[in-house]
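Report on the following structure.
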């Protein structure tokens, strides 16, 4: 579809997570739940049923005590671009156009009221970022007061996922418009997890803007779907061609190697 | 007309076909889907103008600046304040979940009087007037019977106006028995007292250090002011190095540049081993040692004699080469900084460890300067006129503290809450007739939960100021609920281990939701009602007036900026002042030597019955203090920590194999103090025969999202006192893990 | 009692016996309906699906019944387009089985989706790039075709046929049935293929993903092919089962053998193509994603190489070779074994293309996820089987399904 206001500049929002700095404290998870009205249940210990837009994985190097090492890896939605911008694994399969790739921001959206819960997108996503509302969301009496009015509460039977706090983008756009500015400032649109991370491990911004910190951190190769050129940067499952917009940074080789699948005798791709 | 079967069929089919041609089915289909998009039982948040209130978080001793986001009159979010010096925009997981605490179903909504047995949970609402009258009556009776010293108060902290108001009330009433929650900070305070000669709190300038050597301190697990330490840790990723000495691969150990796996309980010996290498190889800062310290020779003889790397390697299981290399790296760093206090420092630990670790800082001269350990003299923010004491008050105060703090047994200690259960249970000391409890949950947080429960049972009248129906509140006779922190105005004293004196102002983001009252106001009201000298010592109409007048000229700045920061303490190489007899830093003096030579506390239990060692660990995702984890936190807990209602203990594969335990399978954990059902998580992150259990689970109080999940470490562990400080030196307990 | 409804010249069991049978199956049906209502009222938390298993037993059941129902379109294709006229003796039953399979598939889909009330959004807000959209459109259209193909059969009921209007309608519908059969075959080639595409396009799921020809992944063609091969086998299975239960010969052997022979060659060519596809995927597609083929068949309790062997050899080459040989078809035991194996094979293929796709870990730090359906899922999956049995029972009793029945079983 042709953009009506073709004078507006295209953004390409992306996130870089420094796994050296990430402490696995979980503040991002809770900041996300708090911002996005994510419901909670009495028993959330089954991770395959737990609604977490952002989940923190625990990676281990598999070595014995005391050479053992662990690393935490926060996993929001990767906002995949796919092989050609917009051919995300999930967007391409949704039968009802309930999820879409926003060409203006590079963010994969989800329309909860259109989704009818076929869960094909969940089967398509290799990162398990897509979550189904198996239950009606219920808040303990009185606690529904903490719901964020900018984000709608999802009903049972639909799929939801991390949106890079898209409502914040819209608010930032409104603010910029009100100020008569054409562009959104880097600080004006930050996701909830980025803002909350007490370790400052998450960097969020526009890859189309060379001055943004995220661009400088990952040095995307725009000719190759934004493949990172920074020495310690990598994306999850790069080889599948999902072309994620979440980048990870780690100084530890074993961690970088955990980002993708490699055959036994294969040298790690992308290590410079 | 005759309606036969055929006709009926024709009518039905025709009718159906006809209806299908009308818009009705389409309209119905559409309406049904619209209904499914707006199910009345799926909440729609009310819109409302978005506003922000700047405040300071009071959920832990971290003291972060927060901004509370509201939509209309609803609190929807807590964020960090960008330019607040402590947290610089960051906020921790518990802080973010604050609104869940505000709207928690476990809030105590009005004053309650117990009607059933203790712990039975049967309450009767009571008016504030009647509730206060009950307390006043009790206090008057006790005082009249010369039992003023049998009134005690346990508060979360001893600093800040509310705690000070209560302490003042106790003093003029005639009781010295004011208790605060013990932690690693008490040990630091005593270390500074013994080595610097002054009552001071510890400040750790982690952001300006370039080498942090942490003896088990959870830099990124909530030690110190958590967000400040997180930021420092991140900064060190590019500017320095972190080495973590710890028996278990904690997050802090994993994220450190180096993890030194040490035998549990031998951290102090390792510190002295490092001191040996530093002194032996002449790597110490001779300027500091020569010009600013005394007692170096004695200290030198001690460490050179007893702590050679090979000896220490035998004690700690850390190879001698590693000890030498670590000592060299530490001493050669520009700003090396050693810290201690295990995990979040909830158990104070052995005093000698602190002395040994602080001696390392002294050896490299990194004291009272940028990037070092700073002794922040006790603040004189609260400068109330000396209260006039009547005879009963004087007599009561002379009775001495029930816990023995300040007595000849523990001359340097100021509060030993951990001693209280034993004193009460053995009946050796005085009794407590009335206990006030505020911002603490000793029944949950104190070691040996059974002993604590028995001790509380000895106390005839317990008044709780709890905002939440926690374990201790359930044992109370009367609850006078405080506003929770998002509803109240209060000063927040300097954050734990923060390298400057900073007072924050907690401001109400929202009016009280329930019929609660500020504890400060309640204390003043009680004092006024008690009359005489007591009332006279409280010349304020209410708490806000008291707060404003107390803060005096700081008030305006506090009110404007949300915080007031004292002058920089760290003067470049001025080293501040040492208030010791020699006016110098003391590496050695009789008290210090006694502490250094005291034997480290051994875990309770014998090794044959209990072949394993139970160690606690702290994680940011579980609140282990007086506040129970809100639902979001419980939700964030890993599947390797909690499964259903069962907590998983970390076990080495070798131990698991010996016990024939598979990953995730149930097991029985028995210690000399208790027994629990757990599951095992097999990991190489712990040494063989060690069993690691997270703190903060096993609540019996709070909501369904928390209560009944996992096991409370404090119910499985006992208290072992430090011979010098009298504080709790426990770091673990012997245990037996077996197949369930 | 109900003799007025029973076709002339055939013998049926007494009504009470029939009623008892109907009741027994009806009880199973009621159990399924109860589970279905639970899923609709309480939601999909009644299942053991989770966020790793968004697709599970139901989607497998859907794919499997559609493959098995493939006998309808392929037999129709052979009869009406290719001109194998003998197949008119089995086409009715093939259509009935197809009708049951496709209506079951639609019912299961209606239970499977989280918001059944909005299920029609798939048509209204259709995303033409989605394989599922293609499936939905073709499936619904073909179900319409099957209904149209089934209606004349109903109209042939003795009583209904007496009504001149219905009699004429039936006659006219028969006249134009070739057009519907052709349409049906065309639609089926597409939706069977699209169902194959469902897993084949998932480039985030290395186990399911296949290279493409134009816009279609190889699985698109393999699914159509396998449905054409195994669907008729299932029709034969059910026909033989019906014969066994009714104790009558209903279709002549030459008809069965013709269908079996065609199926045999379809199966043989399919399984060769499938083997080549598997080989290419194992040696090229998967390694390019950094995965050795052993990754997909190890480190878990269920999915081993055995499943591949069973699918390709035991349920592929073995029945194919039996069916293409004259002796294999003539021998009753080998024929029955072969058609059963072929039907099992296609179900197994659909299972791995749904369940194993999701079970295989893709992120290196994740592990296998196995899944066990809840009773509600099992009950709702058995529901269509009970419904199918009932529909067959009633249709067989009251409709002239088998044109050869009368001459094969003359009533004395």
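Here the chain labels run A, B and C in written order, and each chain numbers its own residues starting at 1.
Note that contacts are C-beta pairs under 8 Å (C-beta built on N, C-alpha and C of every residue); 3 or more make two chains touch, one makes a residue touch a chain.
Just so it is clear, the structure is predicted and the values come from calculations on it, not from any experiment.
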| item | value |
| --- | --- |
| Chain nearest the overall C-alpha centroid of the shown protein atoms | A |
| Chain pair showing more contacts of the two, B-C and A-B | A-B |
| CA centroid of subunit A to CA centroid of subunit C, Å | 39 |
| Approximate Å spacing (C-alpha centroids) for the pair subunit B, subunit C | 63 |
| Centre distance in Å when subunit A and subunit B are each reduced to the mean of their C-alpha atoms | 33 |
| For subunit C, residues that touch 2 or more chains besides their own | 115, 118, 121 |
| Touching two or more other chains - residues of subunit B | 36-37 |
| Residue list for subunit A, restricted to those that touch at least two other chains | 46, 136, 155-157 |
| Of all residues in subunit B, those that touch subunit A in their complex | 36-37, 39, 41-48, 71, 74-80, 87, 89-93, 96-97, 99-100, 102-105, 220, 226-227, 230-231, 233-234, 237, 249, 251, 254-255, 259, 261, 620-621, 631-640, 642-645, 652-653, 683-688, 703-705 |
| In the complex, subunit C residues that touch subunit A | 43-45, 49-55, 112-116, 118-119, 121-122, 124-127, 129-133, 136, 198, 201-206, 287-292, 295, 357-358, 362-366, 369 |
| Subunit C to subunit B touching residues, read off their complex | 115, 117-118, 120-121 |
| Residue ranges of subunit B in contact with subunit C within the complex | 29, 32-33, 35-37 |
| Contact set on subunit A toward subunit B in their complex | 18, 20-27, 29-31, 33-35, 37, 40, 42-47, 50, 52, 56, 58, 60, 62-72, 113, 136-137, 139-149, 152-157, 195-201 |
